[in-house]
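One chain, chain A, links the two complexes that follow: it is found with chain B in the first and with chain C in the second.
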Partner chain A sequence: MLITGIKSRPVYDELTPMTSGLGHVTAAQGSGGKPLVRLLGEMNPDQLAATTVLYSTESFTGQNYLADIQKFKVCGLIVFPANADAVRGLDAFLATAKMGTRLYISGSEGFIGTSMQVATSYGMNRDEVLREHAGSFSRRVWCAHCSHYSENVTRRVFACPGCELNLIVRDHYSGRLAAFQGVKADSEVPGELPENEELDT
Partner chain B sequence: MTEAQHGALQLRVKRIEPVTPEINRYTFCAADGSWLPPFSGGSHITVLIPSDGDTKRNAYSLMSSPYDTSEYQIAVRRVNNGKRGSLAMHDNVREGDVLLAGIPANLFPVSKHARHHLFLAGGVGVTPVYAQLDELSLKGSPFELHLAVRGPGHAALGRELKERYGDRVTLYGHDGRSRLNASDILTGRPLGTHAYVCGPRRMVDDIIGAAHDLGWSDSNIHFERFDDLGSTGDPFSVTLARSGAVIEVSPEQSLLEAVEEAGHKLPYLCRGGACGDCETEVLELEGTIDHRDDWLSESDRCTNKLIMPCVSRATCTKLVINA
Partner chain C sequence: MTAIPESAAFKTDETYTPEGEYQFRNSPEGVRRLPFPFPDDDYMYSMNLEPHVPAGDGALRAAFDVDEHYVSECGHRDQMLREMPGVHYLALPHMLEAQWDLLELIFESYARDFPEHFTLTKNGNEWRWQNRLLGIDDSFTFGDPATLPMDPMEYATRQAQGEFVVLEEKDNTLVIGAGMTTQRADYSLQFNLGMSFFEFHGPVPKLHEMGILDRALKFLLRMKPGHPVRRVNWSLTVHPRLETSVETLPEWAPDRVKVNRDNAGDMVYLRIELQPLHRLPRSNAIVFPVRTYLVSLAELVQYAPDWAKRIHRALASLDSELVDYKGFHRYHDAAVEWLSRHDDGAPLATGYPWAPEGIQPGGR
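Showing the complex of A and B:
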């Protein structure tokens, strides 16, 4: 019904050690622990010793890779109970980080998007950051009417918790807002909603 | 190619002032008294310089304020063993003369996203920085300039900027002792710092190397090399496929200059191998291309299918280009 595969959709990378960097920081969440463990496994001892790991155990699907991550001898491991805390932790880390730092982000699309907003605010360039998507393709949705952000949206039509309007999730992704756009689903004929399909992303 | 790039501006030389033993500053206004086209910090113009019945085309950075287009200023360093354009500027051009120039183009703009701007310049490489700092100081963006000069007699431009911007400007070499150390300047900088490097080729290469060693990525390093060496080397001949013209490139001129001298036109912007505007397809080659540009990638070079006529040459028995 809506257009899929449009250009605004982010294209993700594969986490692999960026050898040109002098210091490394990772921000991962839930299922994002899997690519993170693979990345740490590919790093040599010197790189590991220069790596700070930020990991949030909050996960839509309940995946937790903390035990595997703890096996690596990294410079620092900071564990957060919630994704928002991990994003704030990344903000605090980057505030004092120096040029030569490389950032690796993995997890849900919403987590990658919000972490990327933080990285961008510190002027980090795309050649200093790698992003790998992991786990469910649930969407982070921004309501065009009340600006509320909803995490982990999986259905095409849902009620916005902010303004209680029925929203339809558009396929347009905004890198700036780190979210898909949700607009009122029954604006033409009140009460007439489109088919509420599973998002096929 | 538009006429603009072959000399749309008629610039009257309003003032010539020597600022170092080797550098003259030229102030131009429009010959008809009108406003000149606006430009952004880091822009250059190509000046057509009459020289012994010939025309040299040299690119010079605009060092006047981007917010005042009643005049343009450039600084020209006299290069004795170069392609003689700067000599003609110094020896033949007088106040009141009218010169042709192209409209400004910018291959060295300041980054809009930088959190801190770090300028490292050597000698006459300070000229684009003049306009860049003007732009940044108006916007209130944080910056520093580190400028190396060859001795006390060469520091006039640096002192001028120091008067204007105070502690944000550090001079090296003006006292005959201090030296600019790129690693010291680049170490421990916060994320989002952008470096702008302008000066002689070796200095630029050394600073880029130091930045890479400190883990800087290329998108945060901006540079412009100041060479007035032109493209000299062994003579060779080139065939222009569209007209069939066979053109001899002498040891003293570039492929682009030879083509222009024969009355043909090729696109160009920087005439220094940086902008990519003159990229030309190689249709036939028997021999090797001597790539001297900063534009083509290693894999582009290996294919022998592209050449940058403004700086690159060839050692060949046959070269046919799509022009």
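Showing the complex of A and C:
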């Protein structure tokens, strides 16, 4: 079973105004505020006036760009204390969004992935969404044995809080689950664990 | 579904699980009809796609092969679906049209190729399906899911050998939209559902660098209904275990360290995958079936000695990255050592066994 070097990790974009959009919504978290501020700076006043900003101040690395975001004259700014709340806020926004809406997501891989789950559920196409990674590459991991999701995983081997098995994190990513795959690390010989390296976070 | 009848030719008491003590064996004829996947002494994978036209009187005679394990394999599928709901069968909501396409393809093929076992009677959209091997006689309205007890794909593939993955064409690639995969070789359907062609091939080494994936995808996107293609693939598994998913890895991976040079013949099974791909007419989806055959190294030696010699040479010279990817680095040496006792080094024919001059099982 291949663990490293698997080519399914998403390739991210750079946020830049999509001129074909009639309305814009951004979903950002923590360090994702930095590319968001850059994006807003590149928008013209009309685009800004048609933009709703969703921002979560929860951050793995303690980055907060709220003060910079507040300087822009956007249609609306909604601030959330937690990433999961921001994802729910995106869901509520898209539920009433019109054709021509363009979505910009920035932040951690887990935040981008869970936001993409919402966008996909509304049938948004890849050419209507831009995603820019920012901050830590800490991983969201799905346990193949108990289906528990672990956030902010930074080591190659960790104990699953769901089933207590030692999992090895594969470089294999599922967009539908918005997570990397964790499998029992010592499945062949119990207790024989591979090297627990730092992930490329 | 009704009870499974006893049948002389079809084994009804086989098991593919440790609880059932792996009561599985092949008849001599069952071995000699296999789609043996080693055309040369050296193995490296390739696209090896060819038109899926009937060939010989073995596994490649029918569009979807049925063999002596049909009844027990369908029983195993039912058991796996009951034991782990939501793990082995999944379909995205928009795949319903492809599900009906697949039901039609399987039932029409079975009824045409095995009329003694299966009958499909159509009166417009009112269909009657008779499966005498499983004792099923159902009528339903084609296209109306309310007239079946479950999803059309689940209904059809519960009565079919092999696993079935349905790929939808989207954004110039193929995306996994549904799967019936109770006999997966080391992957997770839950995890892979929704992945694109390049993504779900991510864990296979060398493919990207060899340019195979690009060519394969271009080829598949040009496929037309009525012109299926096939390829064969293979792996090794310890015990005749069909269900080797990532989810149950902790149950079966420990068996890999139990193999030694003396028990390898009975413990190690060649896992042959026959993959006949079809474009589906209404949905434009592509179905990727993986028809899995299990045969122990000892059965090969006994009933197909030339194939045993061939697999010895192919395994002995196998690229180490492939050994690792296919998951048998723990017992690769033991299997090669055991097989070496049954290889006299005589030259062997090249080509698949269903090709005119291809390698035959030998013996007799």
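In the analysis below, the second predicted complex is superposed on the first by the 195 of 201 C-alpha atoms of A that agree within 3 Å, B and C clash if a C-alpha of one lies under 4 Å from a C-alpha of the other, contacts with A are read in each partner's own complex, and residues count from 1 in each chain.
FYI, a residue touches a chain if its C-beta (ideal position, glycine included) is under 8 Å from a C-beta of that chain, and two chains touch if they have at least 3 such contacts.
Remember, predicted model here, so these are calculated numbers, not experimental data.
Engineer: Quick one: name whichever of chain B and chain C touches more residues of chain A.
Structural biologist: Of chain B and chain C, the partner in contact with more residues of chain A is C.
Engineer: Looking at the overlay, does A:Q181 come into contact with chain B only (first), chain C only (second), both, or neither?
Structural biologist: second
Engineer: Figure out whether A:A49 sits in contact with chain B (first) or chain C (second), or with both, or with neither.
Structural biologist: The answer is neither, since A:A49 touches no partner chain.
Engineer: When the two structures are overlaid on chain A, which partner does A:R126 contact: first (chain B), second (chain C), both, or neither?
Structural biologist: A:R126 sits against chain B and chain C alike.
Engineer: Using the touch definition from the top, say if A:K7 reaches chain B (first), chain C (second), both or neither.
Structural biologist: second
Engineer: Go through the superposed model and pick first if A:A159 touches only chain B, second if only chain C, both, or neither.
Structural biologist: It touches nothing on chain B or chain C.
Engineer: Of the partners chain B and chain C, which touch A:A82 in the superposed model: first, second, both, neither?
Structural biologist: In the superposed model, A:A82 contacts neither chain B nor chain C.
Engineer: Could you look at A:K98 and tell me whether it touches chain B, chain C, both or neither (first, second, both, neither)?
Structural biologist: After superposing on A, A:K98 lies in contact with chain B but is clear of chain C.
Engineer: Give me the intersection of chain A's contacts with chain B and its contacts with chain C, in residue numbers.
Structural biologist: 125-126
Engineer: Which stretch or stretches of chain A touch chain C in the complex?
Structural biologist: Its residues touching chain C are 1-2, 5-8, 125-126, 142, 144-145, 147, 165, 170, 172-177, 181, 183-184, 187-190.
Engineer: What residues of chain A sit close enough to touch chain B in their complex?
Structural biologist: Per the stated touch rule, the residues are 20-23, 94, 96-102, 120, 122-128.
Engineer: Tell me, which parts of chain C touch chain A in their complex?
Structural biologist: Going through chain C, the ones touching chain A are 171, 186, 188, 190-195, 198-200, 202-205, 208, 246-247, 249-250, 253-254, 256-257, 324-325, 327, 330.
Engineer: Help me check something: in the complex, which residues belonging to chain B touch chain A?
Structural biologist: Checking each residue of chain B against chain A gives 113-115, 186, 188-194, 212, 214-220.
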